[in-house]
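Heads up, there are several structures right after this.
Shared between the two complexes below is chain A, which has chain B as its partner in the first and chain C in the second.
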Partner chain A sequence: MMSKIVRTQASFLYTFILIFGFYIVAHGHLTPGGGFQGGAVIATGIALIAVAFNFSNVKRWIKKTHLTAAEGIGLLTFLITALIGIGTSFFYNWLANSGLIFGQRVSYGVNPGYLNTAGTLPVMNLAVGIEVFGGLGVIILYMLNYVKEVRNDAS
Partner chain B sequence: MILEEILQVLILIGLIISGYLAIKFRDLLACAIALGIFSFLLSLEFYILQAPDVAIAEAGIGAGLTTAIFILAIRGTSRWEVEE
Partner chain C sequence: MIWDTLMAHSPALVIIIPLLAAFGTPLIGRAGKKYMYTWILCALALTELMTIVMLYHVFTNGTAIYVMGANPYNLAIPPDSHGIPVRIILTVDAFSSFMAFTASTVALAGGIYSIACEHEQTGQEKYYALLLLMLVGMLGMVLTGDLFNFFVFLEINSLASAALVAYHVDKGVATEAGFKYAIISAIGALMFLFAIGILYGEYDALNMAMIGSRMQFTNLDKIAMALITVTMAMKAGAIPMHYWVPDGYGKAPGAISAMLVTASQASLYGLFRMSFTVFGISANHVTLGWFIIILGVLSMFVGVTMALIQHDIKRLMAYHAISQTGYMLLGVGVGLATLGTAAFNQYGLAAMEGGIFHIINHAMYKGLLFLTAGAIIYRVGTSDLNKMGGLGHTMKYTSIFFIIGALSIAGIPPFNGFASKLMIYESVYQFQPVLSIIAMIVSILTLASFVKVFHSAFMGPKIHNVKEVPRSMLIGMAILTFFIILFGLFPNIALHYLVKPAAEALASPMGYLSRVLGGGP
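Then we have the complex of A and B:
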């Protein structure tokens, strides 16, 4: 557990880091960034909490099974989204211009960029974001386990 | 244009200084922070070279996750570098 200054800063900044990560994931098809970068930014929030607070508290807040489940759900969503378009080809963009969610038609020419477009790309960005968040979070939690064991052996 | 070049030279000098400090310090926590500053300056340089995608990845993983993992590892071992 770090000093009170670090803990207050961490609990204040955590929200903004998460919001920025979800912004990067959600605007992956319009602005720079995407699933991997957004997931890494969200995992940075997890790392901030893991560094600043007590080990037992962190282990109670962030469960390893939840992160592993996030990894599995992300990969499954990515694969299923790619497999639905197998009638034409693998990774076929079956959702674009269909009028469903993320399926809005865009007129030809310069536009400011609409969020509700691009078909399966936002869905896949979201899946990759969830998956990267789970994977990097699991890495942080394994480091935390190792630190705890060393501390027990030393004392 | 000239301002951009001056900024690039300053960032490269900052990269060299922070990299030198990271191997010079005896306090390992200060070394980890120096490496974090190194990654931050590197992501700034990527942004100036018009690769914002790489810059976000570098800032998230290099400056955020790697520093956190270093700090966790230092917390599990000792903080000061010992002379053999």
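Then we have the complex of A and C:
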């Protein structure tokens, strides 16, 4: 467990890291970044919490089973999104220009970037974001298994 | 109507089904082991079924293409792309579907076998998820027509295999083997990626057909060709790059060893596909062909001589796997060396058919042998041949399966090894008699080696008080035995429906190129 200053900072920054991660995931089809990068940013939030707080507490707060479930659900969402298009072909972008969610039509030419476009791409970004968050989170937790608690008065 | 749609989408479905099943396995595994086993078996059986549908589709309608995300599904070159295939294209010719059939059959047998064999292990949902991912890697490698996509599936295959090799931790020995495999694969994949980068920089395309048609064979291309050839030969376990094979095959669980054989063969597919289709139009066939022949002869001879001195049953079989890979390299190498000359129709094509036939035969009998070795280890608990003996008294079916596999690998009629080896001997003899004689000597040494194994494992007085292995393991072995006997007794079936179309498809790269670049639906 780190000092009180670090812990306060971590609890404060944690929300911002999550928001930034979700921002990168959600704008994957418009700006640099995407599901993988955003998911990795979100997973750094877990790393921050795990470093700042006592590891045994972190293990209680964040369960490995939940993270692996997130991994599976993300991957399945990705694949099923691709699979729905199989009436035409696998990975067919069935949402684009459909008028539904992420289905807004965009005219040719320069535009400021509309979030509600690009069809299945944002859905897949979201799925990959969930998957990478789960996968990297599990990796971080497994690595922390080998962390030893050092007490301040040990020396 | 439904049948036509199914056939048209079969190349994609072959990859989708195991992929979906793999990602679903950890979730289904929470509901209970029984549901998970049913899920796995359904997925594997469905994959096998789809592979057969695809096989039929390719056999009747010729090379099939499937463009990911295109409308319609076979629109390889969109009208506004200036003649460049922009999407990921699965290009399935007879050779691809042949390899896919081999891989999914062995995976089906391995999956059924694993249910009893890995029954007491922990982390089973991860094991089966990785097993399915490994299958996805193999199928993707053999079906894709895109270089970068090939690299991605190569990585999926390597990572899943490396994790599975380490599955029985075995006091860290298996972990070391898995780690070694992961490192070797990573180095190979990096070299392959570098080669892709060279080709992409030169030809502005990643599609194999596009690169093949634009191929100029400059010095840069020669570097790329060397990198790809070495990488694929390394992953296939040809001799100067074979050092991961004994560890990897030897320490993996039984079913995984059997599947590693087909994983290596997927790399072999990559080697042949690159040398014939991508570089084939303009490359110097004779040099490349002889290079592959020399790799093959070295693998055959060194592999079998190394196998003779082993006393660990799975290590011994691993060295034999190296040696048998040599036959495939020899057969197809002779085909490549004579490509485009009059000799090709005389004996080159026959040599290629022999080499390709040997791929499926090897997958079946070597798979069977690894499964029997797994069964012995499952019951006796050791892989040391000196500590076995007298297992034939109680493990009757396993010993029968072992005899069939051993006779088949040694090329004794009426089993399938004989059929393909005879084709290789006959055709290679016309090319260069010495090579054929070496191949025969290797075959004799193989027989000697397996006689030794059979004697020390199954004959002699009863030492171990063991039972026969559970039924699901026997079923797994029986599936492979069925194909061994079928292809041994009626090689014409395999030759007509599987091998001849595959060899002809591989030998005529122009057909492959024009199918992709020929335009729309």
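Here is the rule we go by: the second predicted complex is superposed on the first by the 147 of 155 C-alpha atoms of A that agree within 3 Å, B and C clash if a C-alpha of one lies under 4 Å from a C-alpha of the other, contacts with A are read in each partner's own complex, and residues count from 1 in each chain.
Please note the rule applied: a contact is a pair of C-beta atoms (placed from the backbone, for glycine too) under 8 Å apart; a residue touches a chain by one contact, two chains touch by 3 or more.
In this text the structure is predicted, and so the values were computed from the model without any measurement.
Participant: Counting residues of chain A touched by each partner, does chain B or chain C come out ahead?
Facilitator: Between chain B and chain C, B touches the greater number of residues in chain A.
Participant: In the superposed arrangement, does A:Leu126 touch chain B (first), chain C (second), both or neither?
Facilitator: Neither partner.
Participant: Now for A:Ile140: first (chain B), second (chain C), both, or neither, which partner does it touch?
Facilitator: first
Participant: Should A:Ala69 be classified as contacting the first partner (chain B), the second (chain C), both, or neither?
Facilitator: Once the two structures are laid over each other on A, A:Ala69 reaches chain C alone.
Participant: Check the residue A:Leu79 against both partner chains and state whether it touches chain B (first), chain C (second), both, or neither.
Facilitator: So A:Leu79 only meets chain C here.
Participant: Answer with first, second, both or neither: which of chain B and chain C does A:Ala43 touch in the superposed model?
Facilitator: A:Ala43 contacts chain B only, not chain C.
Participant: Show which residues of chain A lie in contact with chain B when the two form their complex.
Facilitator: 24, 32-34, 36-37, 40-41, 43-44, 47-48, 50-51, 136, 139-140, 143-144, 146-147, 150-151
Participant: Would you tell me which residues of chain B are touching chain A in their complex?
Facilitator: Residues 52-53, 56-57, 60-61, 64-65, 68-69, 71-73, 75-77.
Participant: For the complex, which residues does chain A have touching chain C?
Facilitator: 68-69, 71-73, 75-76, 79-80, 83, 85-86, 88-93
Participant: Can you tell me which positions in chain C touch chain A when the two form their complex?
Facilitator: Of all residues in chain C, those touching chain A are 9, 12, 16, 19-20, 23-24, 26-27, 66-73.
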